[in-house]
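Since the structure comes first, as structure tokens, the remarks are kept for the end.
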Amino acid sequence: MSDTHRMSLYSLVISCPDRVGVVAAVSTFVAERGGSLVESNHHTDVDEGWFFMRNVINAQPMIVAAEVFREEFEPLARQFAMTWYLRDNRELQRVVILASHASHCLADILHRWKSGELACQIPCVISNHENLRSMVEWHGIPFHYVPVPKEDKAAAFEKVTDIVERHQGETVVLARYMQIIPPALCELFAGRLINIHHSFLPSFIGANPYQKAYDRGVKLIGATCHYVTQDLDEGPIIEQDVIRVNHSCDKDDMVRLGRDVEQSVLSRGLRYHLEDRVIVRGNKTVVFSS
Amino acid sequence: MSDTHRMSLYSLVISCPDRVGVVAAVSTFVAERGGSLVESNHHTDVDEGWFFMRNVINAQPMIVAAEVFREEFEPLARQFAMTWYLRDNRELQRVVILASHASHCLADILHRWKSGELACQIPCVISNHENLRSMVEWHGIPFHYVPVPKEDKAAAFEKVTDIVERHQGETVVLARYMQIIPPALCELFAGRLINIHHSFLPSFIGANPYQKAYDRGVKLIGATCHYVTQDLDEGPIIEQDVIRVNHSCDKDDMVRLGRDVEQSVLSRGLRYHLEDRVIVRGNKTVVFSS
Amino acid sequence: MSDTHRMSLYSLVISCPDRVGVVAAVSTFVAERGGSLVESNHHTDVDEGWFFMRNVINAQPMIVAAEVFREEFEPLARQFAMTWYLRDNRELQRVVILASHASHCLADILHRWKSGELACQIPCVISNHENLRSMVEWHGIPFHYVPVPKEDKAAAFEKVTDIVERHQGETVVLARYMQIIPPALCELFAGRLINIHHSFLPSFIGANPYQKAYDRGVKLIGATCHYVTQDLDEGPIIEQDVIRVNHSCDKDDMVRLGRDVEQSVLSRGLRYHLEDRVIVRGNKTVVFSS
Amino acid sequence: MSDTHRMSLYSLVISCPDRVGVVAAVSTFVAERGGSLVESNHHTDVDEGWFFMRNVINAQPMIVAAEVFREEFEPLARQFAMTWYLRDNRELQRVVILASHASHCLADILHRWKSGELACQIPCVISNHENLRSMVEWHGIPFHYVPVPKEDKAAAFEKVTDIVERHQGETVVLARYMQIIPPALCELFAGRLINIHHSFLPSFIGANPYQKAYDRGVKLIGATCHYVTQDLDEGPIIEQDVIRVNHSCDKDDMVRLGRDVEQSVLSRGLRYHLEDRVIVRGNKTVVFSS
């Protein structure tokens, strides 16, 4: 994959009713324009009769530009009733991160971004606390302090939305933001608003999951990266993982151990999203993980 | 540990209020009688002020028999308000297994037992189906068929209880038995009735957890070994584990993958129980896992 | 996948030089004959310029039989210099298992086979010990005792080969067989002779890996499922896994813990092989794991 | 454990020949001085007849200071031929980190240190490259640039040793330092010089382990945290872990995935070391992991 990072690549992501000939039509279309498939992932949901496809196309030998590809592909897409998009990987997505005062998830994303592991732009970080400003600015990223007072959350989220839009944010990441996102913002960023919840959902929905895990005496704790919908902690799950705990762990130990899982699950989920590996259908995801 | 399997060992398991001098008193008591500690595990619950201790004592050089040890230890136990027991590892526990028609957990336990990995006796297997009789009997273990008709479960469980008692069962294992155990039996075998639930509790309590996991689109499925109490799927957890699934797994794939987790979690939980590694306190467990 | 088990399916497995149009050509060929792709996995080795493809085709709506498909596909295969095969999943592979006196891997495979999880036939088991005869025969499978005396291994392996061929064995599994396979047999079953090695290769090649792991003080032990070649423990790896150990584990504990990893890794590797998910290239494998 | 972080605690770490009465003697000694055991870990190596013990003592109710404890304990230690030490947890260890140009392990340690998770002082970071200076200094830690030219490594390491000693470094961490440490320095910091090797040792000893892992086609890659001895990559292992890879991973993907394992294994190993959980014996470790 590393070599391919230096190539000019298109991601062509498709979902549509399952019909004989979809793959043939798409791959013939690509081949006729000189494109070679660097990576191709398929999934057929037999029960629902639905087909999912992700193609990574080496665009260098292609005889058509992305815009032309999109135009020419449109009739084919209509024929098969496709939901689809083509992304040129040289146009890095703009990811706005919302954080609170916990640093670990944000620090992890910023380090991966700085070391070139996360292929995206981070036009700004927004937080309802000031404590992470220095860390963010050290990375050369603008930091916006937007407090979220209990008595006027609506105004705060208007300001947040405004900043995201001003920075042309395409994806919004809640890096332990700890605020309930208003429905309008969920709607505006449907499928592009990513949260990390600090439990293995659907266990321990809502507040204080580590306390609940401690009280229940579970032997594993986890974290869940999911798209945010209006139903709290109920959105489509992108990625999950767990870590072992035991009787010697009190709640604070769980918090400490959980941080590692939270940050790795969020980073993995975000990378899948940025690499166009995730397709949402209903309340579930197809994730063509590498 | 292997060499120690051939030794004569005592397990001394203690829980009591945390006080200065408990370890000194117990270890001095053991040393004065010539016992050496092969393995010793401690846990202090600082919040609750409670102390837990498991000692495996090489009994060969000891100058007192188990019965004498117990008598002489009693005053010390009273002094520190201990809940405690001493088990001689040459007296193998008698484990009765209840199964339904699914074979995997039972087959795994029987194989581990036959190959000497699970140190216990299995005086009989009870099932509400006939299909596993041949497998059980091939292992040289009596098989009792006790159907559980919807209209007369009470009589069936009377019969089950009777068989367990006739076989002097000390521990009862529900190896995917799939029947709700009546309160009286839960009470009778409190702390000695072990179930495997086919989900990562507290997710997906109750029936059809794999269907629920599939519908929710989780990325890991799990299993939970726990002591049975009158509250369904709410008893103290002994052991849990998970396995990764993805969008290509339908419900039947989850059932198949889940079987492996169920049997390994149950076998591990049962081994911890048989090796006196589990201490129940309230609705939680201390598990001195090796 | 479960539903698809009841369908009539073809596996079409291809490797060839990477060229624009391979996928288009293959998928068009299939679509023209009415076949729909139930599952499709691709891999491009960019460095080596090689392409790998596995297609699972729903054969029910197809207008051609497997034999006709093969004939008609041949010109296309030649055009792209493909190495390929088509398997009809209704023709279960014949798997001969070689075992020694350790029971765990054999018991696991037999249980999975009996419960319908491993889609294959097991025409016989061959062992150089008698102790597992009863277990094998209880499953209704013929058991052949072929001792392998040090002074005349050649004759023993002639007999083994003869039995395998008489039973038309297509794949041979060494389920902890513990004998070095002579070169001629390795050659005869190249790519169809599967071993489980009781270490995380390339660590601890050769005999007594658990003793070596104990002596080195590693914190994880593992197992490796691989195709057997003439170079001991050097063949293409299909699957590996590990389990955590610590200072309290002596060598026998490692042996006990390792058994669980060995059997799960072997079963997984064998399932991948039987589902045509493994393609060997050089000394490495492409494994389209589900 | 969290609450205990705020207490004044002593770690008493002991190894000695296994004899009846060791635990009794030590625990009586502690109890007589009013100390309560917050955590206690034992291990008996039955084969070698050696005993290992770690006690975490709540020092607040104790009637003796650490210095007095040490003096009074000495006769007991002699009697049982103990190797032992007592550490007061309020005196944070001084950890000097050596890094090269790779940032991930260093960034991870610094973030854990800054967020209070690693209880130590970091008096300085030494590197043979300049690129991480800004990151280190942002954390308020002095950064020393000591190039290691091929033609004069001896002088460079004299300078490194000098800086470590000037900063009174007690433990030295090689955070992907990528230089072979001269024997004298290994000797000087025996048992206090911690390295992270980017493979699952003993696989892929020496340079370029990811390339070797890629060439061998393994299905898991790993990392190993170990004490450095004069034998390259052969020192006592503290911690190891692995991550799954597959055919779609080229060497650079392995490097990327491996970074996560390297940093988590190093951080875990370092934490065990700082919490006095590691006892070296011969070329192996006892690790009382929490």
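Think of it as A, B, C and D in the order they're written, each chain with its own count starting at 1.
Everything below uses one rule, namely that a residue touches a chain if its C-beta (ideal position, glycine included) is under 8 Å from a C-beta of that chain, and two chains touch if they have at least 3 such contacts.
Everything numeric in this text was worked out from a predicted model, so none of it was measured.
Farthest chain from subunit A, judged by C-alpha centroids: B. Counting C-beta pairs in contact across B-C and across C-D shows that the higher total falls to C-D.
In this assembly, the C-alpha centroid of subunit B lies 36 Å from the C-alpha centroid of subunit C. Taking each chain's centre as the average of its CA atoms, subunit C and subunit D sit 41 Å apart. In subunit A, 3, 39, 46-47, 248, 250 are the positions where the chain touches two or more neighbouring chains simultaneously. By the touch rule above, subunit D contacts subunit A in their complex via residues 1-3, 39, 103-104, 107, 111, 114-115, 117, 134-135, 138, 248-253, 256, 260, 264, 290. Within the complex formed with subunit C, the subunit D residues making contact are 43, 45-47, 52, 200-204, 216-220, 222, 236-242, 246-248, 250, 283-287, 289. Those residues of subunit D that touch subunit B in the shared complex are 3-4, 18-21, 23-24, 27-28, 30-32, 34-42, 44, 46-47, 61.
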